[in-house]
Amino acid sequence: MTGGPTLEEVVDGLPLVDHHVHGVLAGDVDAAAFELLLTESDRVGPPGVSPWDSQIGFAVRRWCAPVLGLEPHASPAAYLARRGDLGADAVNRMLLGASGVRRYLVDTGYRGDELHGVAGMREVSGCDVREIVRLEAVAEALASGGVGAAAFPERYREALDTATADAAGLKSIVAYRYGLDFDPEPPSRRDVVAAAGEWLRHVDGGAEPRVSEPVLLRALIWAGVERGLPLQFHVGFGDPDLDLRRCDPLHLNGFLRRTADRQVPILLLHNYPFHRNAGFLAATFPHVWFDVGLATMYAGARAAAVVAESLELAPFGKVLFSSDAWGLAELHHLGAVCWRRGMAKTLRSFVDDGECSEVDAVRVARAVGADNAMRVYFGR
Amino acid sequence: MTGGPTLEEVVDGLPLVDHHVHGVLAGDVDAAAFELLLTESDRVGPPGVSPWDSQIGFAVRRWCAPVLGLEPHASPAAYLARRGDLGADAVNRMLLGASGVRRYLVDTGYRGDELHGVAGMREVSGCDVREIVRLEAVAEALASGGVGAAAFPERYREALDTATADAAGLKSIVAYRYGLDFDPEPPSRRDVVAAAGEWLRHVDGGAEPRVSEPVLLRALIWAGVERGLPLQFHVGFGDPDLDLRRCDPLHLNGFLRRTADRQVPILLLHNYPFHRNAGFLAATFPHVWFDVGLATMYAGARAAAVVAESLELAPFGKVLFSSDAWGLAELHHLGAVCWRRGMAKTLRSFVDDGECSEVDAVRVARAVGADNAMRVYFGR
Amino acid sequence: MTGGPTLEEVVDGLPLVDHHVHGVLAGDVDAAAFELLLTESDRVGPPGVSPWDSQIGFAVRRWCAPVLGLEPHASPAAYLARRGDLGADAVNRMLLGASGVRRYLVDTGYRGDELHGVAGMREVSGCDVREIVRLEAVAEALASGGVGAAAFPERYREALDTATADAAGLKSIVAYRYGLDFDPEPPSRRDVVAAAGEWLRHVDGGAEPRVSEPVLLRALIWAGVERGLPLQFHVGFGDPDLDLRRCDPLHLNGFLRRTADRQVPILLLHNYPFHRNAGFLAATFPHVWFDVGLATMYAGARAAAVVAESLELAPFGKVLFSSDAWGLAELHHLGAVCWRRGMAKTLRSFVDDGECSEVDAVRVARAVGADNAMRVYFGR
């Protein structure tokens, strides 16, 4: 490859499409808040246990510190001091800028009011930003605004149309609200109206409008399928309020079988520790794609192992990049850095072992890092 | 090891016993058919997704192209053109010949009429070839030929005896037809006759004679156990018409417990992504062996990772080689190549790390590649 | 790091805390007994299959042989001859001494009468030794001694207090007796008394006092939670009398949720092949720790892969070292050796890849090898 860039150079410079991400926090955070934002857990650890002493903590010190002008492996205290001196806005711009992401598909449905939204992310990152709309958030807004049970199916479809007029895709968090082992058949209209009636009575009575009833969750999913936009599913690990047993993508088998001819791309997010199962599904079903987002950065120095395991059964056209970063620009940065390093190391091993050419390896990197997402979401 | 062959030389030259494989296609295939045969999926991918851009597609270009006289990493078009020029028969002979397999145990039960059978495989490969008989295929042939429900148990046993007079083993595809989570107890004769009655009424009424009723499937399995030949089970990933959740070998726990004293070797095929679970079972039950066939070649450049994970808990005497190739001689070739490369790389890392001697590593390779299968199937 | 010890030197010399281990056999064993003790299976393999030809068999020859004055990779016959010449007591002292473990937490509840107990282990190893008490063993001793059902809850609590007066922790083997998919709610007193009544009637009638009824098993677990000592759970692979499907730590989700605010450390033992799931739980729940004991030594040359997979999601403060050795001092030795080698190799790869500093890597090794256990069990 005389003269051309190496695999590593290509991967380092790849303008990434982060197809599943949240906004960054606009304001400053103190040390305790930073620690909590650094973990998917919702509690601080016991004495002697700190997220700083974890793969992602080490990765912040290794890869974010230099972006803020510190030495690699700077101490947590030094890092936080420097972050405070710079201020959140500068830190956001530096870390997002250095990540080399060119396009974000932002899931605005989780505590989105605390974060930069689509416009804010556009401004702070200078990237193309499009929205991913959560099916459940649209239903909950509808319930809060007042709707009758009998009209719920139609009103939900209208609300979904409105909410997604400018969206790039949809997302279901049925994994959190129930589990992926939901009944794969579409619910009957009668059942949906009945379930909506019960739910809306509770909401009208002052309850939090949180959808968790499986008939309703299924109704939203099938309305999403009808809507025709790419449909993401949370799969595998995430916040503590899920039962990981029920987040194995293999539970989706029946649903994927029933939607295989619908021309709706299904995107399985995260998947760890079930990412090989997701690879099987992506290899089996033409309309299924997957990523190992979130896990890549939480695995830190082990990102290459996770990435490599995602490059087994599935065609390379079926694997995507995402960070699933939320709040801290460090996470947005590390999502990209850990993926780049993991991908470059994995592909380099293939080339060094004589299993594939460097030209092909570069092509795989471009596909996973950007091209596959552009094709699935934007048809190009 | 002055003078002796290296580990790599031994592994490269090992005359393999492929204990689970299907025949090759006698005739030529066009580009579209080749792509479909290259994947376990039953459909062509969406735009931008091709089996050529997958581990196995890369492996064809890397390892089969040179056998046909092309450069490594030849383009798909060049490969198919060359394949067409040579013709299927020459390609079959070249790829099978170069694979270094010396003995095939051929599962003739899946679309066997489209492929070279036992005699054809013997002729085209020059290898020793023996048959593995599918339990379900024998039952379905019996039903097609006409049989009464009351006599079904005896007639099935007779048919099985006849079908296996010259066979090396049996195979159950209960994983496809129901799941490995079948009731581990043998069904009662009364239940079998009742289930057979219902099934045979449908067959007599013109239905496809496909066994999928769990009582019947269990009856076939226990008849297989009585027959006393080595008994293979499809486990883990394969064609799209399985529910992978129900193909975890751990579901077999109760059945393995009940058959542990029957002197019938049970062979768990494929197992990916549950191969570590299979290793646990092989370590636990004296009568259980397993392989990582199919996955080895579909993982391509990642074959070493899969092979290495199969060499953890189980004694090395419990691990076998197979390809599970079907139709394309490329798959027969890659099954062997990917296993050899994965095995050599894994064992070399053990030796380089100072964990085992090269002499012992060579012994492990011989055991897994050939000796274990010879002992299980042929008692030598 | 001029002048300081390298990562490898630190890991090699680390005084380990083995937080889950059993005693060693005081007496000599013959070749057949040695083979059986070398495997978690309860039967000798079929012809051609020997535990000597497995990862752990290779590891004995590689790492224990030199401790007994033999060349690495000595033959099994030479090893056993040497072992016989030295005698069990000398072998125990040599292997335990060379292991570099400084503290054992001994589970005395499994065939403890065949082994050196706490005092014996103290004497033969020269280490600090503390006891871990099995919840089930205390209940079974109580039943054997005679107790009325109505008083069982109180009498069990008293017996547990007495049995644990000097203990470092508790252990539940509900994984063996029922499965980890037990009802996560504490059972009612009424249900416990009823279940105790039925059980005690059987015991009084001469039955083995083995607790396997789920209400009783849950009663013991919740009594353990009340007792407030660190509480270990067998998870994942082990002896053949478990159903591995039901030993996935993810089944504990509901129980962990209900105990998260109880200030009782929960320690998930072994976990293989579900160790990534355990890492998720340790990352999610502040009161959960885990190890990859037993698997580390049974994986032998593959120990680094298993160790590395345990260093992904969970903070490094949540991972512990254990051997789960039973009977053979070889296992106690290999538990330490395989962990040291796996840990050093894994951490070295992080440092070589530029992902963490050598200073941080050393800190992780100390934490996992000793410091975390000291904090959890001894508050320091």
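Per-chain numbering from 1; labels A, B and C assigned in written order.
Going forward, a residue touches a chain if its C-beta (ideal position, glycine included) is under 8 Å from a C-beta of that chain, and two chains touch if they have at least 3 such contacts.
Predicted model only: the values in this text are computed from it and were never measured.
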Type of chain A:chain B copy interface by residue overlap (half), same or different: different
Chain B on chain C, rotation in degrees - Cα superposition, rounded to nearest 5: 120
Chain centre separation in whole Å, for chain B relative to chain A (CA means): 37
Residues of chain C touching at least two other chains: none
Touching residues (chain side chain C, partner chain B) in the complex: 39-41, 43-51, 53-55, 57-59, 62, 72-73, 237, 240, 243-245, 272-273, 295, 298-302, 305-306, 341, 345
Chain C partner contacts - residues on chain B that touch it in the complex: 248, 250-251, 253-254, 260, 265, 276-277, 280, 283-287, 308-309, 311-318, 349-350, 353-357, 359-360, 363-364, 367, 371-372, 375
